[in-house]
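Below is one structure, written out as structure tokens, with a few remarks after it.
Note that the chains are named A, B, C and D in the order they appear, and that numbering of residues resets to 1 at the start of each chain.
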Amino acid sequence: MKIKLLLFSSAADLAGFREQEIERDDLKVAGNILGYLTSLNTEFDKWAPYLRVAVNSSYVDTNHQLSDGDEVAVIPPVSGG
Amino acid sequence: MKIKLLLFSSAADLAGFREQEIERDDLKVAGNILGYLTSLNTEFDKWAPYLRVAVNSSYVDTNHQLSDGDEVAVIPPVSGG
Amino acid sequence: MVKIISEPIQIAGVISLVSSPQAGALDVFLGVTRADSQGREVLYLEYETYEQMALREMTRLETEAREKFKLLGSAMVHRIGRVDIGEASVAIAVSSAHRNEAFAACRFLIDQLKKTVPIWKREFFADGSIEWSGESPQKRTEQVR
Amino acid sequence: MVKIISEPIQIAGVISLVSSPQAGALDVFLGVTRADSQGREVLYLEYETYEQMALREMTRLETEAREKFKLLGSAMVHRIGRVDIGEASVAIAVSSAHRNEAFAACRFLIDQLKKTVPIWKREFFADGSIEWSGESPQKRTEQVR
């Protein structure tokens, strides 16, 4: 699976980057992205309950099937307003 | 009793004036002003339940004692906003 | 801060009256002249007031709102005279640390203003008729029918 | 009408986006940077966004509000980048025939915006620390203590 990963706010700080093109066989559903992030920084394990995933600008469930070319965003708790 | 009477909105239309200095022995309490107005135009009788009286810029009960020099205003249902 | 004016309401000016470094939320309500009044076409409105008492009542309402809600600032501005369609006749602005109080206080102030502040609206209809708004014996009779 | 901008919000312009000859009531909410965040002195805020998705979410919320309430107009403008004390980070304006809908819709839109729109606030404190606002595992731990 080849996707474009976008990170924001505290998630970008934890990962050390904001945007990455990734191609990995273990990315099938949206939730897999959190496993990938935890492999980069174990702090992501604690963050998992707070993170939502959006695919192509819409929130999705963790079992949402990914497709090649998807833009996958990790959304920490929002604080606009 | 000598007072300054102020009328507004529909009350001014019914009476045909907006302001009058009046001196009358039968003005003791605020409610008496409605009797005086009815003597000018019997339509005021129907209006009585809709009119409030203010003395010196504050709403008062109909049994509020008047004093010489009071500014007495007849307040039809308000419609600001 | 309460005001009665005859010119168009400058909304940015009203908002600046309530700003505060402690304010996190501002709510602003505008009452605007509508082209429609219960199905009848309106050309414009005219407002009159018992100014001295209206200012006193508005000040009393502000004091009450500041006691009921944790307000940092409040302003009520009512325009009198002719107000054309789409123009604001009243602006109410409040500021508070958080939005609950701002919304509740703004709602309170406009609701109370409409009940007690001596200001009267006259509607100028497209059919040529002119009527005072608000309760009257005539309207009550019409409703009963 | 939804917008994300980096300049100060011009409130009169936001209001003009929702005006309508049928509108009798406009409600405008402003979220403003406070000098105080839970007892700590704030110097300024910085907002970042996932812009494409934020605009999409804001548009979705407007559509939902227009279905739930009888709105004549609505506008949501969020500012990003640095926002100083006393400046507005967000403006929401709605218009409707009567005030019930305007107040309810404005409240709905700011509440939902704070829940779902991907915008993040970073607080720059007077003591030199810099923190993302919003829920986090650290804050949860502190609360449990």
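Note that contacts are C-beta pairs under 8 Å (C-beta built on N, C-alpha and C of every residue); 3 or more make two chains touch, one makes a residue touch a chain.
It should be emphasised that the depicted structure is a prediction, and the values quoted were computed from it without experimental measurement.
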Going by the stated contact rule, which chains contact chain B and chain C alike?
none
Taking each chain's centre as its mean C-alpha position, how far apart are chain C and chain D in Å?
25
Quick check: how many Å separate the C-alpha centres of chain B and chain D?
49
Shared-contact residues (touching 2 or more other chains) in chain C
31, 110
Give me the residues of chain B that touch two or more other chains.
none
Can you name every chain pair that touches?
A-D, B-C, C-D
Along chain A, where are the residues that touch chain D in the complex?
6, 8-10, 13, 46-47, 49-50, 54, 57-59, 73, 75-81
List of chain D residues in touch with chain A within their complex
31, 47-50, 52-54, 56, 78, 89-90, 110, 113-122, 132-137
Taking the complex as given, what residues does chain D use to touch chain C?
11-12, 15, 19-36, 85-86, 88, 95, 97, 99, 102-103, 106-107, 110
